[in-house]
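Okay, so chain A shows up in both of these, paired with chain B first and chain C after.
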Partner chain A sequence: MEKILSVDNVYAAYGKFKVLHSLSFDAYEGEVLGIIGPNGAGKTTLMNAICGLLIPYEGKVIFNGRDITKMKPDERCRLGIGRTYQVPKPFDRLTVFENVLVASAYGTGRSEAEAVEDTIEVLKQTGLYAKGDVESHNLALLDRKRLEIARGLATKPTLLLLDEVAAGLTDAEVHEVMDLVEYLKGTGITIIWIEHVIKTMAESTDKLLCLAVGTNLIYGDPAYVMGSKDVEEVYLGVDDDE
Partner chain B sequence: MDAALIQSIIQGLLMGGLYAAVGLGMSMIFGIVRITNLAHGDFLILACYISLIFMGVINNPIVTLVFVVPIMFFIGFSMQRSLLNRVIGRGDEPPLLITFGLSIIVQNLLLYFFTADAQRLHSNLLLESISLGERVRIPVLWLISCIVGVAIILVLGLYMKNTYMGRAIRATSDDTEAAQLVGVNIKSAYGIAMGIAMMTAAVSGVFIGMVFTFYPSTGPSYLIIAFAVVVIGGIGSIYGTLAAGLIFGLAQVVGGYIVGPQYQQLIGYVILLIMLVLRPQGLFQR
Partner chain C sequence: MKLLDLFRIQNTANSKIRLAAIVAAVVVLMTLPSWGGGYAVFIVTLMGIYITLGMMWNLLAGYSGLVSLGLQMYIGVGAFALAALSNYYGVPLVIGLLLGGVVSMVIAVGLSYLLLRMRGMYFAIATWMFAEAMVLLLVNFEYFGRGQGLFVLAARSLSETEKYYFSIVMLLVVLLVVVLLLRSRLGLGLFAIRDNDVASQTSGVPLFKSKLIVMMVTGFITGVCGGVYYIAFVWIQPYSAFSITTWTVAAVFIVVIGGIGTITGPIVGGVIYVFLSQYLSTLTWMGSLNMVILGVIAVAVIIVAPKGIVGTLQHRFGFEIISARRWMKGYVTDRLPDHI
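Our next item is the complex of A and B:
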């Protein structure tokens, strides 16, 4: 398998608050890489460094052989990196259709006319087609999560970053979102997937990376990582169901 | 109702349409780029002077808009791209200082090139009016300014709602980060937004220049009108801006009729003050 993303010895900070230390890992084309770790381990910070919202002060981010460490988020998006938020951030005053349309047009550098067909396709795939004309601030949480994924998908990513898609949902809703993630896996998109609640994701990932205090603690097959003493320790006291 | 009151209601509404257009660009930039453009009034007056230059060749201020509008778009676009975009995300003060500086620069450049003399964009329309009954007359120029003011608001509303760039601008205004993550280049969206805001300043400015006299230092009084319109209408709401302009114009003129024309300006500011105390988010904000 080809390497699609390399995070190479990355250090990142918010102002003086250092979050990532010497973090390195690779993601391979078509795989689902799960990233776990307790609160404050730097999971979301890592996402920000990959999608461009935070520029590491040391180290490199390589995407498809290209150094994108300092590239702006919108350019990375057009290169093929999509991202969803843990707390959905739809464009509130745009309709669901428009949300996806903007992503489909700008995320790929196409005109709206060219993007409309894909927009409809994505809305159907994510189960939002019937709600296309709803202004997105009226959506309930599950649909907002769907819209996050739809918007990410509409930018035609080759690498999609999923940030805690299951967080805040009821069990029944988690199943619906998981079905959507299964579908994404089937499309061949490489997925880097952060989740705090490990149970929901462990079985659907190809590889797991566990972060602790800003660096990689352990990396490998899900069964190996989940069985590791180190992982047990960093999660000790953290209820799996929270 | 007596004729003089009807006359002031008509005039207030007509004035309000133009006021709405004066506030439109300010409201847009407030809502989208989240910058308080303290030079908004000065750019409006700058547009008057640019029109004045073209008046040397074309003796009709409305026709000069063909040149003034694109020039103002270019000025707005370049100002955003070369100055304001550099300080995006570094707090509220830097852009405020930049626009304050621009306000001083524009005023003084105008003073240098055009002197402090009062100017007006002369138009034959100024003297014409339509009679409604014996003592009520509609001044044609005011009517046209109002129609044009309302028209640019409607056109801008449609542009924002239905176009490729409009949608990106609205998306950016809703969530800057998320907009970048779906591929929108926000700095270029900001540039276009400022360009459009300056186009609206150009049109409203030229009509202001036809109706009233202006000097290099008149800008700030229109800044305050723009402010009032933004405050009453609610930040970034295009149709709220229209309603706010009408309310503000009406209140000024009718209030002036009731308590005396010398208080007309004061009444406007009292309304602004009351709004800030009672409903600072604006009348039409969710």
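Our next item is the complex of A and C:
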């Protein structure tokens, strides 16, 4: 498989608060890479460094062989990096249709008229079609999560970053979102997927990366990572001298 | 046909009534001096200027999330540029107005590079600070008449009717520009930035470029607006031309009363503002108390109807006279459930 993303020895900080240090990993075309780790491990910070909201102060981010470390978020989006947010960030006063239209037009560098057809298609795929003309501030959480995915999908990404799509949902709702993730996997888009609750993702990822205090602790097949003593320790805080 | 599409005017009874109303309003405005009285002409001249000003503040704050307290700078710069060009170089008024707009626009570009990295209140205060600094700088120059300011000499020979047409033509052109801008791809991007600037960037919207364009548009139009006002009033007193209370406070009042983030809100707000300020200025015993009254009215509206008059009506009746909304039902043929 071709390498689509390379995070190479990345250090990132919010002001003086250093979050990521010496983090390296690769993602390969078409795979689903799950990223797990306890609170504060730097999962969302890593997403921000990949999509351009945070510029690392050291290290490189390479996308399809191109150094994008210092590129702006909107340019990265047009290159093919889409993302969703853990806490949904809809464009409140716009309708669901308009929300997705923004991503479909701007994320692909097309005119609004050219983007309309794909927008409607994405709304159908994500189960939001019937709510197209509803202002997005009226949506409940499940639909907001759907809208996040719809917007990410509408930018026609080759790499999609999913930030805790299941967080805050009831079990029944988690199932609905998981169906959507399964659909995304079928489209061949490379997915980097963060989840705090490991159980939801362990079975549907190709590879797992576990982060702890801003660096990679362990990487490999889900079964191997889940069985690791180190992972158990960072999550459960097992004593060293048991 | 293309133009009709942009105004979302479809071949339905409702749209025909709307089109007829717009045409009638334009005809009334363009013919007013031939049948209206002198005072009506004067009042509508003022309305054209204040509505334009309100639309510019609305474009920044209501549609792009840029709360500016510095619009008075463009007013002053546009007016002084017009006076200097016209008085010293004999440039015709119309050309002087447009060049004044260009000078304002150039300043808006400079400000954008300096200030657009700031957000919210920091941006607001910084724009105000630059406007204050500009007048303090300007009054040092004999060229701009120091503290006395300048007269727009060529404007002294204009009739009230000619001044009226400066104002009304500007208003109609600006209204058209605002509607086209909001209905364009840029407008859609601005809405996204206003609602969530982080998510807009990761959806592909270029943040700085979009804000820069909207700053340039408001800089140019507000500069022209300043020129038109001082063609009507002839004497440009610098501290008044660069006054936050004369201009930006009026603009905020107009937009808040009318309805922020609506196209027709500044029109309603501007009409009310001009009537109110004219009425209050006849009550001479009140002195500067009239500012207090305007403030009380604005606060009352914010409490009772935070969306403003037009915003509240639109919310209640689900109807917009001129809309920038992209309805999906306009593109699909199958019936959608009526829930909303």
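In this text, the second predicted complex is superposed on the first by the 236 of 242 C-alpha atoms of A that agree within 3 Å, B and C clash if a C-alpha of one lies under 4 Å from a C-alpha of the other, contacts with A are read in each partner's own complex, and residues count from 1 in each chain.
Assume a contact is a pair of C-beta atoms (placed from the backbone, for glycine too) under 8 Å apart; a residue touches a chain by one contact, two chains touch by 3 or more.
Owing to the predicted nature of the structure, the values given are computational and were not obtained by experimental measurement.
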| item | value |
| --- | --- |
| Chain C versus chain B on the shared chain A, clash or fit after superposition | clash |
| Touching partner for A:S228 - first (chain B), second (chain C), both, neither | neither |
| First (chain B), second (chain C), both or neither touched by A:V134 | second |
| First, second, both or neither for A:S24, with chain B first and chain C second | neither |
| Which superposed partner A:A105 touches (first chain B, second chain C, both, neither) | both |
| Which of chain B and chain C A:T158 touches, first, second, both or neither | neither |
| Chain B versus chain C, judged by how many residues of chain A each one touches | C |
| A:N64 touches, of chain B and chain C: first, second, both or neither? | neither |
| First, second, both or neither for A:I120, with chain B first and chain C second | second |
| Which of chain B and chain C A:N9 touches, first, second, both or neither | neither |
| Footprint overlap on chain A, where chain B in one structure and chain C in the other make contact | 51-53, 72-74, 77-78, 82-83, 85, 89-94, 98-99, 101-103, 105-109, 111-112, 151, 155 |
| Chain B-facing residues of chain A, complex | 51-53, 72-74, 77-78, 82-83, 85, 89-94, 98-99, 101-103, 105-109, 111-112, 151-152, 154-155 |
| Partner chain C, residues of chain A touching it in the complex | 51-53, 72-74, 77-78, 82-83, 85, 89-95, 97-99, 101-103, 105-109, 111-112, 116, 120, 123, 130-134, 138, 151, 155 |
| Touching residues (chain side chain C, partner chain A) in the complex | 185, 188-189, 191-192, 194-196, 198-207, 261, 325-329, 331-332, 336-337, 339-340 |
| Residues of chain B defined as touching chain A within the complex | 164, 167-168, 170-171, 173-175, 177-186 |
